[in-house]
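The same chain A turns up in both complexes below, where it pairs with chain B and then with chain C.
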Partner chain A sequence: MGFFNLLAKPGPKMSWGLGLCLFLLALIAYVAVAESRHRENPDDKVVPTFAKMVDGFYSVAFEKDRNEEYRLWVDTWASFKRVGIAALFLIFAVLLGLHMGLFPYWESLFLKFMLFFDKVPALALLPILFIAFGLGETSKIALITIGVFPTITLDTYLRAKNIAGEQIMKGLTLGATHAEIAYRIVLPQILPDVLDTIRLNFKAMILFLIAAEAVSSDVGLGYRIFLVRRYLAMDIIIPYVIWISLLAFLADAGLRWFIQKKFRWRMQGAG
Partner chain B sequence: MSSDFILEFHDVYKSYDDLSGTKLVLNDIDLQVRKGEFITLLGPSGCGKSTMLRLILGSEKPSKGTVMIDGLPAEGPSRDRGIVYQKYSLFPHLTVLDNVIFGLDLEQFSQFSRYLQPAKYRRERKKHQERGAAMLERMGLGHALYKYPHQLSGGMRQRVAIAQAMIMEPKILLMDEPFGALDDNSRTDMQLFILEQWERTHMTVFFVTHDLVEALFLGSRLLVLSQYYTTAKDHNEGSKIVTDREVPGGFPKPTSFKNSPHLKELLNEVRRSGLDPEFARHITEFDLSHRDAMRTVTPEEWGNGQKEQ
Partner chain C sequence: MKFRLIFVFLLCGLVLAHSPEPPAKAKTYKVAWSVYVGWMPWDYAGHSGILKKWADKYGINIELVRMDYIPSVEAYVAGQVDACVMTNMECLDMPAASGIDSTALIVGDYSNGNDAILTRDNIDIKGLKGKQISLVELSVSHYLLSRCLTMNGLKEKDVNLINTSDADIAPIFLSNSSQKVVVTWNPMVMQVEQAPGINKIFTSADIPGEVLDLMVVNTKTLQADPALGKALTGAWFEVLALISKRGPETDKALEFMASSAGCSAVEFKNQLKTTAMFWTPQAALDFTTSEEIRTKMEFVRQFCFDKGLLGEGSDSADIFGVSYPGGEVQGNKNKVRMRFDASFVKMAAEGSL
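Take a look at the complex of A and B:
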């Protein structure tokens, strides 16, 4: 076996096989535990069998509830809106970072504040947000935004600052205004990296989403799993968790695909 | 106000503040350059070659004295001075053609007018593309119009960078060791390339290099900037122009110049003029034989109280 061979070259079949290995193992372990628990107690709720989970998932996704709604889709849409609106606010984080990285006055004004703001644990702000903005959508979107805003700003700031001075001089000698240098030379160059950072922060955004929904909400993916927890409804919780992870994974893959497609110029040795 | 000279330095000093105090880099530089001249600037490392270039570019201001472009004091970098760096001259996110026409586009359309007059923008952009493509074609880059910089070799990139600067028809083309990162073969190719471009356009070029042969082969006029010199004063700080001369052998030179017997003599002579710390010349012995050479010196430097103009 080549597990301690630095130069090993597993073939494609081997790679896929190994990649799926742990998924399978987890699955088998789960089934084994579920089976043994159900042998002792057919009504066990803690480790539902697959059949129960499929039933649970089917009932939330394809059967109307008391309010004549398909719960899963309503929850998904509500959560998606919250994350989506927060993501739109990140445009301002990128622009702020860009300006801070290029214009010294912006840097002087914002940098210290952002560095401090970045250290404030966003979850600790949650009660303040609920008191200030009430229990509605505003405070949830605000939490998600505030949670990742400074990170995105500071990341953009560093990337803009790292652009070679030659590029800026070059732009000036070609007659570019300072704004054109920011928006036509620097921003397009750092954009793929900034999008990568946003991609890596999806996880944090979902974390803040679920925290906000768990505390106060009447709809949403996070709200639902914390609600049904009271009834030990693992047959709902587990499919929801898998569903959330899958959505996040797909969003991540989609953005990664977009970056690769859209920014073909981004290869090593550019410049 | 117009002037015979496209570029002038009058009593220019440049110093920087660092931890140990103020350090003088350029000490009383005077220079007059006529239109169409191909200046090569040589100097030992740390002599302030690039500082001098930045003063012309306008990205830095002299501590004392004035730098004039076409009779007017040099203001911050602008489109009347083009520049080619050793690296980072091209925009990595634009294709070769877009890199070259970037300046033309900017000239006609502001950030927003592109979107307000889309039809006009498309029409003008088409014209720019044709002009850029024709220029690249002439430079032997017709096959690379839609490639990105990272897909090109070092030499090709520098060609594109030269095209990008030249299409703006700057008053002066500044070049900061543009071929320094290339291997010998592509370097020779590029030297011939830049001379061809000069023959076609007779542009004024200010070419900074640390390669002696390159400086002698390319330039019509050679400047040596050096911190190795002596004056009547005990202590000297900052570089002066120690050589300002026509390069013998005509201009532009044939490639055979690189193998000619008197090149070696010439090399030694230039080396002894101040490139080597062992051959520091006295201020009264500088080779300022070019017809446009001029300088001012202080009586303390000169020694016996006379002042040469």
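Take a look at the complex of A and C:
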């Protein structure tokens, strides 16, 4: 076995096999628990069997509910809009970080505030957000944005700061304007790394989304999970959680693919 | 080779983790409770040692666990606690619908104004039509609203429901004057109605005896060891007897319960006024054995079914049965999942505990 061999080269079959190993184990463990609980109590709702989850998923995805809606798609679309709009706001986070990293006045103005702001647990501010932005979409988008904005800004700041000063000097002596240095030299260099950071913050964005939807909402993935929890419908909750994870995984894979394609010059193997 | 060794260790760990634990000698039962005016006596029973006294009398240990409401019922359904306080509605749609045979050991009280629909701008019941209403969906608040609408010829489709967490519902409503209607329970009702310009248009006092607050015990556990039922019942009525008296000891108990519930003694007493407590075993016994409880439960059963709370696939409210002290069963007689048991309360009434 080569588990402690630094130079081991597992073949493609071995690689896939090992990659699936833990998924399989988790699955087997789940089925074992579900089966044993159902032997004791055929109506158990806490750990539903796969058949029940498939039924649950089918009914929310492909059957109309009492309001003549296909719940899963309605929920997904509502949540997607919230996260999507919040993600657009992150463009400002990147720009702010870039400016802070390059222009000393920006740095003086924002850095200390951002460092502090970054440490504020946004979830604890939820009631204030609801007071400030009402109960509609704004407050939910605001929570997601506020939750990840400082992290992205500070990450961009650090990366811009790390760009060698010689490059900037060289650019200036060659006659580039200050704006050109920022947007044509520094930004393209740090962008793939910044996108990676955004990618890694998907999870945080989803957490904030679900938290916001749990507090006050009438549609959305998080809303549904907390609603059906009132009657322990784990047969719907678990497929919803898997669905959310899958969407996040796909978005992550998409962005990773985009970074690799768009920024070929970057070192291979990252991400 | 190291890898193999680790693998063997892991395997051993898995096997050990799955081997059944040996049964404990001294029986310890866990009882979950959450903050609500009608359930605070449990906290005092634990704090004052009254519960321990009764548990000792029957040779068992009882451990009280304070939790949030829904998580406490979830813990009960998952089998992590042996008994839990809950309303008749959650008892139907959480444990009973999940196949946990549950016994309502003590009907402690019914909400007699603790749940309410509150509005701004003098909106009355007819004016609810087309309004946005904040509430915890599928909770007792939802039930209250549904009953109010039905009694006044309106339908749920006539209003827009916004599911709002009970933790934030009061501050959100108070700070957004664009919010016109809210349905919630105490202590939130109290906080909301103290603000100017807010009216209570419908409360649980308009549907008395429908929202019951129960001590629910797992039937299997209770049948295996009635000591748990006896100790809980004995302790409960001892605390209630103490609260319904007057005197310094009573004041101390009320003060303790108020501070534990996070309100002042005056506020706590006000909430007690909108709670129809069954102060004596006889009162609880009379209600539990009455015809009334069955007709009231029927409303709740139908509501749970209408909202799909008994399982999305169930085709009638009779999917499982609810049994009563006289032996009557509503629904499926072969699959009784919720039992109103008056035998322990009866023992308390006869003084034979």
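Keep this in mind: the second predicted complex is superposed on the first by the 263 of 271 C-alpha atoms of A that agree within 3 Å, B and C clash if a C-alpha of one lies under 4 Å from a C-alpha of the other, contacts with A are read in each partner's own complex, and residues count from 1 in each chain.
The rule we apply is simple: a contact is a pair of C-beta atoms (placed from the backbone, for glycine too) under 8 Å apart; a residue touches a chain by one contact, two chains touch by 3 or more.
Keep in mind that what you see is a predicted model, and the values were worked out from it rather than measured.
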Next item on the list: Using the superposition on chain A, decide if chain B and chain C clash or fit.
Entry: fit
Margin query: Quick one: is A:S216 in contact with chain B, with chain C, with both, or with neither? Answer first, second, both or neither.
Written below: second
Next item on the list: Answer with first, second, both or neither: which of chain B and chain C does A:L7 touch in the superposed model?
Entry: neither
Check: Given the touch rule stated above, what does A:G175 touch, chain B (first), chain C (second), both, or neither?
Finding: first
Next item on the list: Check whether A:A164 is in contact with chain B, with chain C, with both or with neither, and answer first, second, both or neither.
Entry: first
Notebook entry, point to check: Can A:D43 be said to touch chain B (first), chain C (second), both, or neither?
Noted result: second
Next item on the list: Have a look at where A:L22 lands relative to chain B and chain C in the superposition and call it first, second, both or neither.
Entry: neither
Check: Once both structures are overlaid, what angle do chain B and chain C make about chain A, taking C-alpha centres and a multiple of 10 degrees?
Finding: 150
Check: Is A:A124 touching the first partner chain B, the second partner chain C, both, or neither of them?
Finding: neither
Checklist line | Distance of closest approach, chain C and chain B, by C-alpha atoms in Å | finding: 40
Next item on the list: Once the two structures are superposed, pull the chain A residues common to the chain B and chain C interfaces.
Entry: none
Next item on the list: Over in the complex, which chain B residues touch chain A? Could you list them?
Entry: 57, 59, 76-79, 81-83, 85, 87-94, 102-103, 106-107, 110-111, 148-150, 164-165, 168, 170
Notebook entry, point to check: So in the complex, which bits of chain C are touching chain A?
Noted result: 2-4, 70, 74, 77-78, 93-94, 97-100, 134, 136-139, 160-165, 167-168, 171-172, 175-176, 178-179, 308-313
Notebook entry, point to check: In the complex of these two chains, what residues of chain A are touching chain B?
Noted result: 164, 166-167, 169-170, 172-177, 179-180, 183-185, 188-189, 263-271
Checklist line | Contact set on chain A toward chain C in their complex | finding: 1, 3-4, 41-46, 55-56, 59, 66, 126-127, 130-131, 134-135, 214-218, 223, 226-227, 229-233
